[in-house]
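Below, subunit A partners subunit B and then partners subunit C, in two separate complexes.
This part shows the complex of A and B:
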């Protein structure tokens, strides 16, 4: 019940702070750009655009949300309430995942009419959102200013996003799929192409595990750097 | 309710003890004031009891159980109002209360009646960002008591409030005490401590210097005399008399009978004077 209340709180907070309006504007921009591209390029650009939404945007959004909560001091109030760190983080992940899934679905439905495995697609968006939101919580834990957060985000982004280009290269680079961001992109691309089911299943399982481990780590780091002040 | 024994604490980035060999107890239904200048260790002690700081030496027992053995359920019965308002600025007063209140299992009080009590009901649908500091502090305060906690921590609860609203907050604190709640108050406002606290502790450099009821301390450290001001030949004259055998002091009786008395005061010490006397430090 507390988790549901935390989720409702997060949705209310994000809505009042204007995050959803930003999302709508960005989604509209994506749609306009995609509509201007030739059809053969759209099918390549779309998965990349949709991938960047829960990943890059998600990372900055979670940073902004937690920094606002820190700035307004409400995080201190939540810490001295029965809400657990785990519930706090899960509510953030779910609220941002809902937005990511909604935005990705809208962009894809309105700009793509080719073959698509919707189930795999939606799961890949959700799991990608989870990975990047949790990374955002970890990065944010020790930050006191937005600038600090942005600076700290850069190496994480390089580490997570650069290896994604390995997908374009030879199969020798396949082991880089162990990096969750690469696994997530591979899963998403798979939804748009004919991928063997067991590869998708393995990637989903792996990303679930990565989300779980990252969640455990995020709880630990958040408690160490944000909850306890010793 | 709270039992502290041989408490010691050092911040990880310091080699100086922030809290040094501290002992005190707070009984159920008591208002206990923690008084001292900034940096004395008041907030550190409060954070240790609340559980925001770990790795202490000694013992902190709250509700009969060692603090570091409590989980998150501890906060069901704890209310905390920090010394600055922590509010969702884009949410209204009512939304702020409902949102935080939703995290507690305990029977919640009606947010509207609490807002009415602190004069914020007409502004219940106004966003907190449009509130003055005083309004934010009042909202902050009622949020801490919304879930009807047994133990409350108030840090400078009347800071930033005008005398009328400060009076309302003090009244609510006394009502909480009458309802059997326990209150831990940290402040450097001596008059608030005098008016509210059953007992106070003076804290300096992480140590408790003295603990006692404000009344007892004021009498113990005061001068046992009375000061009388009266008009004599159109001039205001001030004289002091020993309290002992005052009823037989002919000079005093003569003043009462013969002159127009303007003021009569006993000369017990103020808490501020006692603090300075015992610690050699100022409270600010």
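This part shows the complex of A and C:
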């Protein structure tokens, strides 16, 4: 119940801050861009668009959200509130994932009529969003300004995004799939192509595990650096 | 004189803060990264997808300039939001520098680097040949655009999260730099009102004085409207 209340309050907050409105505008923008591309390029560009924007929006917003709530004293209240740190973070991750999934689904449904495994696609967006939002929670620790947060995300983004180019290369680079961002991109591209089911299943399982471990780490870092400010 | 003393101190302060220092210099790295990307990307696209990207170089150059000046504007916008949250802007506004002095001071943080970076992007990327006079015009437009973005974020957002939402939404303005490509009359007409469209137009029409004049006018209308709004507020 506590988690549901926190989730509802986060969704209300995000709606008030204009998240949904801004993603309507961004979705329209992508639809215009994708409509210009020939169909054979859309099937490659679309998963890249979904992966690079709606799926990672959590990383962009979570820093500002936590900093604002810290300034408002919300985080300090966590210490005496029945809401646990884990529930606080899960509510943030789920609420931002909802925006991600909604935007990704709208962009895809309105711009692509080819073969697509919707179940794998939606799971890949949700799991990617979880990973990037949790990374944001970790990156945010110790930041006092948004510019500081933006700067701190750059090396993390490079570490997570550069290995994704390995997908273009030979099969020898397949072990880089151990990096969660590469696994997430592979899963998303797989939803648009005829990937064997056991590869998708293995990637989903792996990303679930990555999310869980990252969640544990994010809670630890968040409690230490943000709540108790060691 | 007061302005320059403050500006000198602020520049010193920015360089003392590694975060601001790196963010101010980040576009240099971005330009270098684009140079590398566009060394490998065109042959890759031709070999894998039989897609020739060279007819779009004018649009890409415009997109890069708009993106860099937008980024400088976003950094300045957040700097001003942080200073507002810490009541620093309020304190400065009662010094001899005043409210307008503070604004000029902060906006020049976005505008001056944008001026330099747009020239660097045109010369270093070397996608398309741009006449010297047009380089000057584009760099002025770019610096005005960065100030416009900074002001839009600052005046539109009353907190950090709204600032991030604004920054995300304002990135969509870059689309107008490419609107001619979509061959949608309604989109082109809407684009006329937005600065990024005119950066592309100046790059595409290097000999056209009316295009250059309209581009400057549109940029100035945005800037002056936002400055007027800022000075009227509070």
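The definition used in the following text is that the second predicted complex is superposed on the first by the 223 of 230 C-alpha atoms of A that agree within 3 Å, B and C clash if a C-alpha of one lies under 4 Å from a C-alpha of the other, contacts with A are read in each partner's own complex, and residues count from 1 in each chain.
Please note the rule applied: contacts are C-beta pairs under 8 Å (C-beta built on N, C-alpha and C of every residue); 3 or more make two chains touch, one makes a residue touch a chain.
Because the structure is a prediction, the values reported are computed rather than measured.
After superposition onto subunit A, partners subunit B and subunit C are found to sit side by side with no clash. Touch criterion met: A:81 reaches subunit B, while subunit C stays clear of it. Contact with subunit C, but none with subunit B, is seen for A:22 once the two complexes are overlaid on the shared chain. Of the two partner chains, subunit B is the only one touched by A:8; subunit C is not.
By the touch criterion stated above, A:41 is placed in contact with subunit C alone, subunit B being left untouched.
When the two structures are aligned on the shared chain, A:148 is found in touch with subunit C, with no touch to subunit B.
After overlaying the two complexes on the shared chain, residue contacts for A:173 are found with neither subunit B nor subunit C. Measuring from the middle, so to speak, at the Cα centre of subunit A, the directions to subunit B and subunit C differ by 90 degrees in steps of 10. Closest CA pair between subunit B and subunit C after superposition: 9 Å apart.
When the two complexes are laid over each other on chain A, subunit A has residues 17 in contact with both subunit B and subunit C. Subunit B contributes residues 9, 11-12, 47, 50, 52-55, 72-73, 75-76, 78, 80, 82, 84-91, 95, 99-100, 102-105, 143 to its touches with subunit A in the complex.
Residue ranges of subunit C in contact with subunit A, taken from their complex: 19-20, 22-23, 26, 49, 51, 75, 78-79, 81-82, 85, 159-166, 168-169, 172, 175, 178, 181-182, 184, 187. Within the complex formed with subunit C, the residues of subunit A that make contact are 17-19, 21-22, 25-26, 29, 32-33, 35-36, 40-41, 44, 57, 60-61, 63-65, 67-68, 71, 145-148, 150-151, 154.
For subunit A in complex with subunit B, the residues that touch the partner chain are 2, 5-6, 8-9, 12-13, 16-17, 72-74, 76-84, 227-230.
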